[in-house]
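Structures given as structure tokens follow.
Here subunit A shows up in two complexes: once beside subunit B, once beside subunit C.
What follows is the complex of A and B.
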């Protein structure tokens, strides 16, 4: 049995707060410092901390590498999706003013467009950071 | 904060930054070097805060001091903590570093004063962003978000794609990937049964199975070696 009680309990207590803080950074990015990139890194940091304390095997059970890879790709798809959506609504690529109906206030489109692409950045950065950590931590030591 | 306070904080941070940088160069223990590099990032983040670039500081603290330190530690776990002794004289690298540093310091003479309202950076589109983003983008008080997300949407899209590409590259180089369906060992093909772990493979096939590659080159299928 692992006797690093403080580390294990501390991680268990901290993890949900780290995740919530990441979401705060994400959604507060419109009003203060923060945004998708920082939020994605913080979100991934919670899983990295979990993996460091409880071992890679347990972390992979919580967050399979495949999910991380899919997240890394899905974020780009979300970002491009918002861009194409505004294109199909009659505007230019990534011109969020056209996201809603023409009589709608274009700044609403801008606001939701930014939320959409920030979500894409969050998902990609989170997936990539976790995938990178798995790639480095999953290898065996090379003894020469 | 008064002007002298800001300068005092600047001096303290820069001195600590210089000390950390010299310590990173001098230490031969890579574990110490990685931890000091993390502290270096954190000090830079502090400097960015003093310069009112909180978004950049945030990123620097999260990525530079956090994730990249963990990734470096993961690398050290693979390659060991000892730096091997240098095999060449440091004269040429020192010369290159001194010349480059000298050019950079010479270049700072031309840089406009920090925070000056008449700086070229503030004359171009920045004034437009600050003045009109409320009207054009809506009520997003953090103009940085408006610029990154909307005005410079293409840039951020490219950055997201670059991050994704980084993942693809690292996975291609480092990932172990799925187990091969069949493997060539001791002159013939073996089918890998379902449920076999990588450790089983290494125990059975030795170097042919591990640690990271998939199927080794064997004879072509038509030569009768294939069992599938």
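What follows is the complex of A and C.
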């Protein structure tokens, strides 16, 4: 696609905005529509667009399949990590009110807790989306 | 920490699954999977003990009490099912190390163990959750991991088998979620206990009667598809035949059992016995299907030439016994169904594991390839015979206990016909087990001396299950006591 200047420049301009928009959806998720799943898909869309325009080889340099694989697993760990943290601090599993010290306002715990688990969802969905794209785009199996 | 045990039972395997995937090496991933399975086993046994002494354990996730939040609700039935799942998983994971190394390519071991842990987590979640939508979520976790584990089979047909299961399983899951959705529309709640209270109200008001009935139908068809009740069993034989041996042994003993549990949970706890049996006349539907399953599937099993496939059809027949117990609708009948969950898990797990040993040594499980194995692999075939006796229902084995209770339950209702069919089913089991034994012990092969006995790491787990199937056949006091009190809990008859 070396001669498609508009596509290449357009992709370069758009990519950062797509990523920022994903984060916007992510941080919007605790009060309004949005959340980790949508954010993860949008975040992955930036990489898919990059791969479509600049080719799979370049995309793999930017985002190696191994990283996508690790992201896919790490997100679950982040999500559950929040749950375990609240459990170790004396609450039930995923009881965010216990995330901070008792003198702290428990609503803050609820606020950051939900962002924490949504971050886990984002990371996993992003990783899996990119890995799925690689799996379909590459004929050969891409080693992780 | 101990008050968090209900959550830990599910989330420890769940956390260890991505860790196993991240380690990405066969050995460490196995250690993680083994640790997770044994932890879950310990936790499940402890929870069962606690339920036996203290009664129902309720755990509110995130501190939000049901019906607003999701609660884990562990009563006798769920505790017993978690013990079944985790005990098989704990034995199965030991078995898996050598068997998986033999049948699955090295770079996928870590992913296999991750899928295994997720499957354990999903099945345990279904067993202990008290929220119907949460059931669906865990159902998907366990199903998706099961599809991927089956697809890892070294035969290429494993892929089509897994795909077939994927399609059928997704249809089942969709039916279940439609049923849950209809219930939610009519009652505005997802908590099982809350539903149990509100469904009779809606039903009595007469307005939502039809919607509730349709929801009931969707749930019944969806769950029976998942548990492979005849005639919705078509996915099962291929899935069990082509899956890796360790997966077949583990799945045959756990996943359909949990689905039978789910069926009972919906019938007796959520909808209530009165609705299920009086309004929907469930017994008129389930009993004929169960009886046909026992007869027809045993008959099909007799004509199989692949032993794994034979055992898979036998599984469908055995599911018939469990559903038959449920369809009787009495405490004794449901208890017979529950006790057969455990007993069948032991014997079918052992039979499939014995076949895994054969697979490991001779690379085939076709009946004609098993000539002379009685001499070449005495311990493996002895395990097969031991578990096979149980399948037939010989006294002093668990199979006898199941059938004893089932026949008693049938006779208590005066159903001589049902009791007779149970007996005929046993005779047919004798035929298909004998077919294998005959070839293995009474025919000779030339290379008898070249075939070695299976390694200990496969034999010990297999024999652990065989020994358990004799132990609980001789000392059936504990299991039958638990099963009867579980049935009483389900039917709301307090002792």
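Operating definition for what follows: the second predicted complex is superposed on the first by the 137 of 144 C-alpha atoms of A that agree within 3 Å, B and C clash if a C-alpha of one lies under 4 Å from a C-alpha of the other, contacts with A are read in each partner's own complex, and residues count from 1 in each chain.
Here is the rule we use: a residue touches a chain if its C-beta (ideal position, glycine included) is under 8 Å from a C-beta of that chain, and two chains touch if they have at least 3 such contacts.
Since the structure is predicted, the reported quantities are computational estimates derived from the model, not experimental observations.
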Partner chain(s) touched by A:76 [first = subunit B, second = subunit C, both, neither]: both
Contacts of A:62 with subunit B and subunit C, given as first, second, both or neither: neither
Residues of subunit A touched, compared between subunit B and subunit C (which is higher): B
Contacts of A:96 with subunit B and subunit C, given as first, second, both or neither: both
First, second, both or neither for A:20, with subunit B first and subunit C second: neither
Which superposed partner A:35 touches (first subunit B, second subunit C, both, neither): first
Contacts of A:137 with subunit B and subunit C, given as first, second, both or neither: first
Contacts of A:87 with subunit B and subunit C, given as first, second, both or neither: second
On subunit A, positions contacted by subunit B and by subunit C: 69, 72-73, 76, 80, 83, 94, 96
Residues of subunit A defined as touching subunit B within the complex: 25, 29-35, 37-38, 41-42, 44-45, 48, 52, 69, 72-73, 75-76, 79-80, 83, 94, 96, 105, 107-108, 110-111, 113-114, 117-118, 120-121, 124-125, 127-129, 131-133, 135-142
Complex contacts: residues of subunit B adjacent to subunit A: 54-55, 57-59, 62-63, 66-67, 70-71, 74-75, 77-79, 135-142, 144-146, 148-150, 153-154, 156-157, 159-161, 163-164, 166-167, 170-171, 174-176, 211-212
Parts of subunit C lying in touch with subunit A, wherever the complex brings them together: 4, 7-8, 11, 14-15, 17-19, 21-22, 24, 59-63, 107, 114
Complex contacts: residues of subunit A adjacent to subunit C: 69-70, 72-74, 76-77, 80, 83-84, 87, 91-97, 143-144
